[in-house]
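The structure is given below, and queries will be raised subsequently.
Note that the chains are named A, B and C in the order they appear, and that numbering of residues resets to 1 at the start of each chain.
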Amino acid sequence: MKLRLLAAALAATVVLPFGVANATDLEVTHWWTSGGEAAAVAELAKAFDATGNHWVDGAIAGSGGTARPIMISRITGGDPMGATQFNHGRQAEELVQAGLMRDLTDVATKEHWKDIIKPSSLLDSCTIDGKIYCAPVNIHSWQWLWLSNAAFEKAGVAVPKNWDEFVAASPALEKAGIVPLAVGGQPWQAAGAFDVLMVAIAGKDTFYKVFKDKDEDVAAGPEIAKVFKAADDARRMSKGTNVQDWNQATNMVITGKAGGQIMGDWAQGEFALAGQTAGKDYTCLPGLGVNEIISTGGDAFYFPLLKDEEKSKAQEVLASTLLAPATQVAFNLKKGSLPVRGDVDLTAANDCMKKGLDILAKGNVIEGTDQLLSADSQKQKEDLFSEFFANASMTPEDAQKRFVDIIASAD
Amino acid sequence: MSDIAINKPVAMAGPRGKRPRPLFSPRNIMIYGTLFVAAAYYLLPLYVMVVTSLKGMPEIRLGNIFSPPMEITFEPWVKAWATACTGLNCDGLSRGFWNSVRITIPSVVVSIAIASVNGYALANWRFKGSELFFSILVVGAFIPYQVMIYPIVIVLREMGIYGTLTGLIIVHTIFGMPILTLLFRNYFASLPEELFKAARIDGAGFWAIYFQIMLPMALPIFVVAMILQVTGIWNDFLFGVVFTRPEYYPMTVQLNNIVNSVQGVKEYNVNMAATILTGAVPLIVYFVSGRLFVRGIAAGAVKG
Amino acid sequence: MTGQAKAGRPNQLLRNLNAKIASIPMILTAVVIFFGGTLWTVLYSFTNSKLLPRLKFVGFDQYERLWAAPRWVISIENLAIYGFFSLIFSLVIGFVLAALMDQKIRFENTFRTIFLYPFALSFIVTGLVWQWILNPEFGVQSVVRSLGWTSFVFDPLYTPSIVIYGILIAALWQGTGLVMCLMLAGLRGIDEDIWKASRVDGIPTWKTYLLIIIPMMRPVFITTLVIIASGIVKVYDLVVAQTSGGPGIASEVPAKYVYDYMFQAQNLGQGFAASTMMLVTVAIIIVPWAYLEFGGGRKRV
C-alpha cells in the first residue's frame, strides 16, 4: 500500500514546474546520520536525483553543535554549500540579515506554499521581512510520553493513562528494579522534558506567557512552581538512567529497563526499528495524557546565496522537491515526523502518528520553544535543567529562581 | 668548515644510573614491579579496544569487557573500513583515508620546514624583537583553537583560499608553529657554538649554514617534529571539517560520524575497530620511530 | 664580517636581513593570527554579537553575565582542579617512570613504546575507551562485582562530585607517556660524572635526584610545562567524548563553555568574553615568564 502511494505521488513529482535542467551537483549538509534519519535523507536525495540533478551528501554527525560551526564558517567564508539543514526558528535569522541566504519567495509563490503548508506558523518562521528564506520539511513534536508495557506488567501495575498515574506507579517500578523515567545525559533532553511538563501541567496560556511574552511574574508564579514540583518528581524517577544519548534512553524503554521516557515523536523510529507495535508493546501519551497539545517545531532547509546560475536553478528545484507530496510522504514516514502539508495521505502511519495527525487536525498546536526563544536562551535553559536533573541537592525553588532570571533576560 | 669535528655528542644515548645487578634483587623487583603495573594501566585500554573489536554485538551485550572473545569475528573491521554509513555514503573510513594522507603529508612538510627555519633564526640570528615575537608565539600555544575559528575564516576569505587544501595546510602550519619552533630553537641552541662561529668566519651566510651545517645535524629533532605533527594533524577533526569542503574531509570526520551516529544500540565493536583503524597511521609511526623520538627529544628539550 | 654580525646586536634594519626574511612566517603568525586574533576577540567580547560578529557595543554586559553563570564558575573550578592534579601527576608519574627506565633495565624499548603509544591516539578515542572502561554497567565496577565483591562502587563518570577525576584518569593515560619521554631525555642528558661524584660523597640516590638532578633539568621541565599547561587550558575534546560535560554540568570546562556559547547558543559575544577571560588569565601567568625565559637578556646558550 505504501508503495502504491509512493508511486502515485512520484508521478505527481514528474510534472515539476521547472522542467529538467542540466544535471547539476548540489551539496547538501545536514546532521541526520542515525539509521532512521539517514533512510529519510535518502528519500530526499532520491527525489532530487529524479529531477535530473545530483544530491551531494555532506553529512556531519553529532547534532547541530558539531555541524553548525561548519555550516556557518562555510557560508561566511565564501564557500557555501548548495543547501543546508537548520532547525527552523530563529537560528538562521542573522545569516539572512547579512544577505548571505537566498530568497525563496518566487518559488513559494509559484507553488502556493502559503496555502499548502499547515500549520502556517511553520512558514512564518521561515519568513523574515515578508520574504521566505527556508523550506520546512517536517513537523516534530516534543509532547510525548513513551511507556513500556512490559515494564509495568513486571511491576504488577496497570499501564498509566496520564502523568499523575505514572508518578503514582513509580514506587512499584522501582521495587521491581526498573528505572521509572529514562532521561539521557545530553542537556537538551532535560530542558525538553521540562517544556513538555510545562505544557501538560500549566497549560498553553501559561506556556505562551512565559516563553512568548517572557513574563517574569508568571514565570515566578505558582503555576510554574507546580511544574517545578513535577520536574522534581521526574528527577527522582530518573535516577539511575546512566546513559547519554536519547536513543539509548529510548532503548531502555524498549527493553523494559525503564518504565517510560518523555521524548519527541522521533522516538517512534526507534520503536519501529526494534519491531515493536504501538499499543501492544509500548504506549504513547501525547501531552503526557493530560493536555493533548503538540508543538510544531521541525527541520527546514536553507539555501545560501550562490553565484553559479545553474546551481541557483538547482536550488529552486530542490526547494520545490522537498515540499512535493511524494517526497513529504516518503520522507516523513521514515523520519517518524509529520508532513508539513495537510493535503497528503498518510494511511501508512502507525497509531501514535495518527494520534498526532488528529491533534494537528484539531488545531491543538503550539509553537515550539526553538521558535519562541533564541538559541542563547535555549542553551541557558539547557544548562539549568541538566544541572537540575543531575544534582539532587538543587531545590525546585532555587531552580525556579534561576529560571525566572533566564526568562527575564531572554530575547 | 665542514671538517670541524663535533666533540660534544648531541644526545647521549644509553641509560645512566648504577650498574645492573642480579635479576631478582629487591631493587629490581621493585623497579620491574612498578613498571609492569604501569604497563598494565597503559595497555588495558588497548586490550579492551582490540578484544571488543573482535566480538559480535550479542557477546558484548552479555558481558564482561575484559574477557577475550568467544568467537572471533572480523566483521566490525570490515564494516568500519568499508560499509559504515555517513549519511548517504556507506563506504566507511576508506573514503577519508586518502584525504587524510593528502592533508597530512604537505601540512607536516610545510609546518616543519617553516618552524625549523624559525627556530634556527631564533637560536643563531637573533634580531631586535625576535624574542618578543617568539614570546607571543608561545602564548599562542595556550589559545583554544575554537576561539580562532572566526578570525581565521576571515583571514582565509580575504586571501581567497578559504575551503582549499592550501588554506588548511596554512592553518595546520600556524597551530603547529609554537611548540615546533620551541623545540627547534632549543635544539639549535644546544649545538656547539664553535660550529656556528667557524662557519661565519668562513664567510657562510644564513642559508648556507642552515643547509650545510644545521640541517644535516638535525635529524633527531626532525623526527620528533614529524611525529608530533603527524599525530596532531592526522587526529585533527575541527580544522579539517571547518576549513575545507567535503571532498577533502579527513578520516576523522568519518570516525566522528561512525562514533556519534547511534543507531538503536551503540555498536561498540565497530566503534573500536574504527578507532584502531584511524589511529593506525600515527601508531605505526610511533612503533617504527619511537627510539629516535626519545633521542630527538633529548636534544630538543634538554638544553634551553 | 667576522663576529660582529653575531646575533643579538643588530642595530640596522638591513643587518641580519636573511634571518628577518626567514622569520616572516613566524612574525606574521605571531602578529596577525595570535596577537591580531586575540585583539579581535577581545574587541568583540564587548559587543552583543550573536551568530555573526557585529560591532554593537554593550560594555561589560557579557562579562557580568559570564560571572553570574553557575556553569562558568563550575567550569573554572573544574579547570583548577583538573589543572592542578594533571600538572602534579603528569610530572610525578612521568619523572618516576623515566627514572625507573633509566636504571639500565631490560626491554626498555618495549616499555617506552607501551607508555608512549596512547599519545598517538586522539582525545576522541581516549574519551571513548575510558568512558567504556569506567561505565558502571560493563566496565570495571561490574567486573569487580562479578568477582564476588558485590558492594564495590567505582562510578566516577556518573557521580557529579568526582567526575572530573574520571576525566583525569583518561588524560593521564594519554599524556604521561610524552612527559616520561621528555624526562627520560633530560635524565640522559645529565653527565655521568655527576652521578659518580654523588656516589663518592655517599649521597643517597633519592637525594641526588631531588637536590641535584632535578634542578639541572630545568629546561626540560620548562618545555614539559609549556606542553602540559597548554594542553590543560585547551582541554575540550576529551570532556566531550567522555561525559559531554555531565552529569548535569559537573564536568564542564572553560573551552567547552566558549565553544558551546559560540556555536550552540549562537552568542558570539558571550563566547568571546569567556575566551578573553581565559586568555587574560593565561597571559598574566605566561607573558612575564615567557619574556624572562626567552626574552632579551639572555645570550645564546
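We take it that a residue touches a chain if its C-beta (ideal position, glycine included) is under 8 Å from a C-beta of that chain, and two chains touch if they have at least 3 such contacts.
No experiment lies behind these values; they were computed from the predicted model shown.
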Neighbouring chains shared between chain B and chain C, ordered by label: A
Chain whose Cα centroid lies at the greatest distance from that of chain C: A
Separation of chain B from chain C, taking each centre as the mean of its C-alpha atoms, in whole Å: 15
Whole-Å gap separating chain A and chain B, where each centre is the average of the chain's CA atoms: 41
Shared interface positions of chain A, touching two or more other chains: 69, 76
Interface hub residues of chain C, defined as touching at least two other chains: 259, 262
Sequence positions of chain B contacting 2 or more other chains: 149-150, 256, 259
Touching residues (chain side chain B, partner chain C) in the complex: 11-20, 31-32, 34-35, 38-39, 41-46, 48-49, 52, 60, 63-66, 114, 117-118, 120-128, 130-152, 155, 173-174, 177-179, 181-183, 186, 189-190, 193, 197, 200-201, 203, 205-207, 231, 235, 237, 252, 255-256, 259, 268, 271-272, 275, 278-279, 282-283, 285-287, 290-291, 293-295, 297-304
Chain A residues touching chain B - in the complex, by the definition given at the top: 27, 30, 32-35, 38, 41-42, 45, 55-62, 66, 69-70, 73-74, 76-79, 245, 247-248, 251, 270, 273-274
Sites on chain A touched by chain C in the complex: 64-65, 68-69, 72, 76, 91-95, 98, 185-187, 242, 244, 374-376, 378-380, 383, 386-391, 402, 409
Interface residues, chain C side, partner chain A - complex: 50-52, 65, 69-71, 135-137, 158, 160, 243-250, 259-267, 270
Of all residues in chain B, those that touch chain A in their complex: 85-89, 149-150, 153, 156-157, 162-163, 241-243, 245-246, 253, 256-266
